[in-house]
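So that we are looking at the same thing, I have put the structure below in structure tokens.
First chain written, first letter: the chains are A, B, C and D, and each begins at residue 1.
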């Protein structure tokens, strides 16, 4: 997360519309969750029982795409738009929650689903915490 | 848009949770809007008055990322999740509206902003129409 | 493809480093292929024999990601870099070829693989044609 | 990087076609570089002298898109394709090098370009190291 803080601190104008700690945490968990969901979808594909994991794979793919986009949008500070940011954070929180709930059902059978569920819950909480500060 | 319809019609299971015409239109406008916003951000960068277009570029970049993700999520039918889809469509509609409003302010000076504003309004309407059918 | 041409023609500076027709065709097929591969991966997930389609799904997902990135990079004209463009077009051509070869093996059983293989071949040819013009 | 290793170790089949340490390092630097380039493009947009940074912004945007795609493709192990992986790593290395060279020119004036150049060089080296092991 060091590079995320370094970039936020190198931004040429003052950032006073958001809590920097919550923002950095949310960006970090978005990228982490995107990578983990991408890996979980792929690991599900390699399971013998892949036919039972179709919904899990789909939920992983959606969550990965939405988390990357959210992480990119949050990384931008110029011309901040509270409405777009809030709506996207709500979509990201919903995707992380849906993916966590799906993966938690297979976590005892598949380690990758356990790791993925934890990353989704961290990102869900970070989106939730950041949302509560955006007016 | 032919390929979008062809793929939806080749889906191996019945699709009865959504209007196929509205879905195909929304996927089509999402990809079109993403391409147009990517081009508009780049054209703004090439303008002599780029310093006055910083907010426009940022709004374009957000809209492009959100539209691509929405187009991809809508292209998936397996394990459909109404909550995630609805939240993402709301974020996409908000991003398209914000980008259209921004580009419309420069449309008489910059042709690319005019073309972009139209693509954003088409995508905003398509998201809105699809949203009204998702319970 | 109308919007792609409109945006290229609205670019504020002269574009003399590339053939506009080949460029617009390549951008168009990249976005089309990305959408089609996303849909094909999802349709494969819904097949009863999904276990036999794991490699097809993975190839689809790679091809979708690479095509979107290529379509976005090609949509930018400011600060054109021939080396990056050439290397990315080569990667996109390789991904499209690999995905077409994979999908063609299932095209008689699965209509979505047939539609996808055609989109991949169109994009492969467009990348190849554009590559031959970039010094 | 902990989550990247955890996911690779949770993969259900043996991974013997690649060095896991180099792979994890490359995935990690790809996601880090994508976030940093996204932030650098945005920070450039907020500079008073943005007109002089147009090429830097464009190079940042390309590098961010290519790094994310490379990070996602490398996170997939099922149905590994050496040709596609190699071509994409070459494109990613070229994009990181181009972005590092551009940012290094402004690193003494803009801290964000300095941070970004370092992330690009790390990712360039990680792509290079991984490439040398893929036959």
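Basically, contacts are C-beta pairs under 8 Å (C-beta built on N, C-alpha and C of every residue); 3 or more make two chains touch, one makes a residue touch a chain.
Everything numeric here is computed off the predicted structure, so don't read it as measured data.
Colleague: Tell me which has more C-beta contacts between its two chains, A-B or B-C.
Modeller: B-C
Colleague: Greatest Cα-centroid separation from chain C: which chain?
Modeller: The chain farthest from chain C, judged by C-alpha centres, is A.
Colleague: From the C-alpha centre of chain B to that of chain C, how far is it in Å?
Modeller: 19
Colleague: Could you work out how far the Cα centre of chain A sits from that of chain C, in whole Å?
Modeller: Here chain A and chain C have centroids separated by 27 Å.
Colleague: Mind pulling the residue numbers of chain D that touch at least two other chains?
Modeller: 42, 45-46, 54, 58, 61, 68, 72, 76, 78
Colleague: Is the way these chains touch best called a line, a ring, a star, complete, or other?
Modeller: complete
Colleague: Under the stated contact criterion, what part of chain A meets chain D in this complex?
Modeller: The contact residues of chain A facing chain D are 3-4, 6-13, 27, 31-32, 34-36, 38-40, 42-43, 45-47, 64, 68, 71-72, 75-78, 110-112, 114-116, 119.
Colleague: Applying the document's contact rule, which stretches of chain D touch chain B when the two form their complex?
Modeller: 41-42, 45-46, 48, 50-51, 54, 57-58, 61
Colleague: Report the residues of chain C in contact with chain D in the complex, numbered from low to high.
Modeller: Listed in rising order, the residues are 54-56, 58-59, 61-62, 65-66, 68-69, 72-73, 76, 78-79, 81, 83-84, 87-88, 90-91, 94-95, 98.
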